[in-house]
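In the two complexes that follow, subunit A is the common piece, with subunit B as its partner first and subunit C second.
Moving on to the complex of A and B:
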């Protein structure tokens, strides 16, 4: 009786090789930590495992099936996000090596690497999940690891406070999400997103119930991507966590959240046939696009306006990442090929700029001991290389040419205007203009204020500078040669929307 | 469709009423004659000694946490055991991997010292502090006279 199920399971094992590689790395790091008790070995094994997982991922390019009987989808869309998550994990692992916050405090790093790998595994599964329970499981795997990681330096009170706030808000939002999922399950009798869609398309449904349950599930995802009004955890958690984890949360966690948000909305609330390059073909006129548009506007506006008042660079970057989530939500509102492609392209460039900015802030914080903007005065003359790279990243975050951030915003606003959402694009552009102020404030402090605090030239290690350059040069290059990225994103999205 | 849930509503109301009626009626009918013996805490028939609020060790928390994990593993083992014979080797290796990961967790707990039962170490004062010489005693007496008895 079980033969078919077992054959399906064995056949699907080959499809999740990257996740299996991450799992094996996780187990190997635990064993190595118990035997060798050496942090360098742990770091080396984690990086090796991530690279092996990347090799498997490259070997699987082009697959477009679903594994384990519609539990996980292995398609180019999830593959794109898995690449983003892998690159983020590698950068975070290398960045952790340079972080004095973690190494000066006599904190054992073995569990840190294990948890980062666990979080990466959860994000991998989330990027491909097409079953309600799989979504919840992967989301919780990712969240639990990040709860612990955000409070990793527990002697610093702010870090423990950040972790506690994150746990409480996160558990609440997970509870709301699973309640919405249970209502959805109760109405359709199935957990599989494809089956839910065909049931809803074929039979009638009780409209308020679908609306409320869908809203609750989207609320759970919106928590992860820090959309307003579910963003309350973001500034405190980003400010309190070790800066490596802040960077990881702001990029990879958001990427996985967006992947599952797009997949959920697309697979559940759209008619199966007739999804062409047009605007939303909604189910029974529930205006999901208006809901998401309101969310996008609120997120952008709040993120940009509150960032204006910030004097702590880390907190400012936290609010700026909320604003960027708002721009990305605009891309979901226009659920066309170009809209989704623009999200992917924007995410790729956002990874480069955000990680670059966070790494430079971390390196500066080591030398001058502070993360306040006022303490950045004159640092342009003390650390010219890193300060100019930070300037590049901030310019790219604003969206000025010739950086990659400009291309991302160009593609995004182009897609929004193409679909006729003029008012949304206008609000987006106005918000970008407002964001110039708080990014330029840091630049002004670095270069246009000369302060003689007697420190002289600040020296940074070659490896940390090399890491920042590895992120900075593509930011500049992709601002001019962005063709390959666009083609890759379009390829990832076309097959997904064709489903 | 909403009308189908009327059964649930009736069930809810009757349940609440059932409990409330019992409690309220009892409170109205029964006599109320408290005395100190009746109000004191129950301690298996003995006289209650000390405060009922004791501080219990948080070593128990670690044990409870580990118990939950392995209890859930046990719950996963039961359905596996029923279908094991039909599936054969795949089920065997699958469960070996699952149990191995959990056993690894136990080994991690053990090696990191999380299962150590830490005994509290009371500070017993040494003999030097308890016994003083005659000179020290007279010095202390003099100091007490100077500061005013």
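Moving on to the complex of A and C:
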């Protein structure tokens, strides 16, 4: 018995090498910061650690098993999200190097890198967690780091406000979530999602209680992906946080939230015997798909409509990211592996275009000192390259060909139509028409106003432009040749379903 | 598969389509210049590159025309399409449920696309002359102009629905910029209105495209036209089902917004009034045709049953567009700013109504008339907008109140304008007459009542066109225009139209007159395709009753 546990532990350690790499880097950065007191060293070590973690991840590709007695699953599905998280982390680290708002202050940056790594670690664990306690701990690891990071420029009032709001809303939703978990635990006597599933499948139970506890847990995830009605923190936090963190929250944190949401629903509530890849049957006739459909429609519609009124680009992008969470939720609604694949494809493209947009907004803010749309007037003629790229990202976020965003929408709406959710698809496309209006507002200000204003060009460093290019070129190329991404996503929809 | 032309190993249709992109890259690579002199030099480069590229495109299109086989029908038969280029573009196999995703780069033309190809090449070459006066951010203008041309050409040669959709949407952004940056006072409003309307239409097209993909398992248009390729479990399988009607209606709305037909037309007057001259020319000359082309290429052959079902309504829509458009044009004499350009914009709505009526006729005369009308409207309205541009550049007003007696001041201009206006009215001997006559001939057989009421459009059309002609050219020259347009003589040496403007107008006038006398060069190339088309729709539609 004793040996079995030890063997299990030792065996499992091999399965979490990427996480261990992040953890080690986390510690090394703390120590290095004390010794060298040099931001470049911190940055270099963080990037190195992320890359090492990525190498471990590549080495483990295709693994489909469970570690630590079903605490976390190591499967292609979590692997895909881990790649997304790693890429995001790398981009954020590099982006932070260019950020003036972080560097133009007398505060030491050491813990910034450490916290970003901590957040990445939390997200890694969340992407694979299959145990209620593990889910909670991973979520909190990620949240704690992000609370601090969103208030990292604490001398700016907005930033402190953002952090405080984030903590308050975050604790509330964590509270709801853990309450739901406790009900679930009380009814089924287990924290393990597989065990809960088999208990639910085997035993009679009080259905509304399952439904309500499930809803409460989902509320905790909905908070992370900023789905309506748990989105209230999003605009303020996104606007107040340092823009690097805003970008990180809008992509990586959302990805982790989606990963755990999909896994939780699929592992806990679906009927293993009756389901196939082509349609997951939910147990006990609880209409989870309808619940999520309502959530999706509310999220995308509210996100888009409120975004119409925004005059601050960062805030507009915050609402737009709410809307995108709504589109992505449609992929879960359909409850098929095609839907899952479309989420993965969409997320990958969303990473490119959203990060791209945020980086350009950051670079512009350095030069014009503002993120207000009105101050963007005529900027296209002062910074043609970056403004063109921002236009590309916004067009892609709208979902027009020939950009990657279009392919994301195509696959997503394809999955929705294929499962017969016609009304949902119609609402979805109408929403993307609405979204054009506010994205076009930025484009309008950049290009249609103060044409040829002769103000002279704004100079940007080659490195910062190169970083934007690194995101911009794939946004265009994947819009025309998206085969590889679809193939990768298709291989990654396999969720470890337990023993 | 006859007449496959390759230049440097690349098919001629690809050259025609993507040549403008090369021009765009060249333009973007040339710096705008820092001082007066280098700016002027760069401006000239931009102009001549654009003109050169579109001219080469025109030549290549004529090469295609010369190799075009008039007897091959095309439409739903891939083997009788011409100048085919077909390679696999994207191929992902073994997807869950989606199966094998395959998208092809599939180009080809038949008798329906050939006239459109010619029209696009002619109009986009000549509209460069109308762009000569653009000075503000000229680099962007000509780059966007060329991108727009690629989008338009692509739509007319694509035979894969996905590819078609990409080209269809590709043109939205350049159009948005062209109206929005170089347009008139309400340009921002007009630009976003155009963008939103068109996108609204095309997202429904997107949904239908996806649904069709699931039904036949590819984006190939020919598969989508072939009932035997449909998966019997698909909602779009079968004939005359309500899902098919819904899908057709969604496609129809997507295309109808572009045409535009009443009641989706309200973006058009705004866009036309605000757009710079050359863009109005492109908009009226080519863009509107994409709507009706999409119907003929996609909506009609894919849903012949729905066409039969809705046919009377399509005819009615055509009639309403004809009469309502004409009434709106006429109303410009009494309301608003009495804007000449707006009047012509509404006349476009009316004239595109003839196309719809001709399509609804569902016989050879009617459909030939419809497609020929697309071509003629393209050339004639392009002339009309250039003409308005000429006078607007000089007088900086387009209000009918401000003009009169221009015939003495600008005799050559008057002659050209008279040709264009008479062609728009449909005077025998000019091209507009032939197509309108064919439309009425065909439509009368099918829907006599609708056709008779549509006849009102001709009378109203004569009314507003002649009235406008009289207002501008005859009567007394207003005091304010008695001097030369440009006393310094820097921009306009003479009062009359200049050579650059004539460069755009004269070739169009020649086309209009020549086709009025001898319409065969255009009608000849579409006849066998149209015969096949009509037969296909009629037979396909009859399945509904079985």
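Side notes on the structure shown:
What we mean here is this: the second predicted complex is superposed on the first by the 483 of 499 C-alpha atoms of A that agree within 3 Å, B and C clash if a C-alpha of one lies under 4 Å from a C-alpha of the other, contacts with A are read in each partner's own complex, and residues count from 1 in each chain.
Basically, contacts are C-beta pairs under 8 Å (C-beta built on N, C-alpha and C of every residue); 3 or more make two chains touch, one makes a residue touch a chain.
Since this is a predicted model, take the numbers as computed values, not measurements.
Of the two partner chains, neither subunit B nor subunit C is touched by A:473.
In the superposition on chain A, contact of A:69 is made with neither subunit B nor subunit C. In the superposed model, A:381 lies in contact with subunit C only, and not with subunit B. When both complexes are overlaid on chain A, the residue A:9 reaches subunit B alone and has no touch with subunit C. By the touch criterion stated above, A:31 is placed in contact with subunit B alone, subunit C being left untouched. Touched residues of subunit A were counted for both subunit B and subunit C, and C has more of them.
In the superposition on chain A, contact of A:486 is made with subunit C only, not with subunit B. Contact with neither subunit B nor subunit C is seen for A:58 once the two complexes are overlaid on the shared chain. On subunit A, the surface touched by subunit B in one complex and the surface touched by subunit C in the other have no residue in common. Contact residues on subunit A toward subunit B in their complex (touch as defined above): 1-2, 6, 9-10, 27, 30-31, 33-34, 206.
For subunit A in complex with subunit C, the touching residues are 277-278, 336-338, 341, 381, 395, 400-402, 406, 410, 413-414, 417-418, 425-426, 429-430, 432-433, 436-437, 440, 443-444, 447-448, 451-452, 481-483, 486-487, 490, 493.
Considering their complex, residues 1-2, 83, 86-87, 90-91, 101, 104, 107-108, 111 of subunit B touch subunit A.
Of all residues in subunit C, only 89-92, 94-98, 101, 136-137, 140, 165-166, 169-170, 172-173, 176-177, 180-181, 187-188, 191-192, 195-196, 199-200, 203-204, 206-207, 210-211, 213-214 touch subunit A in the complex they form.
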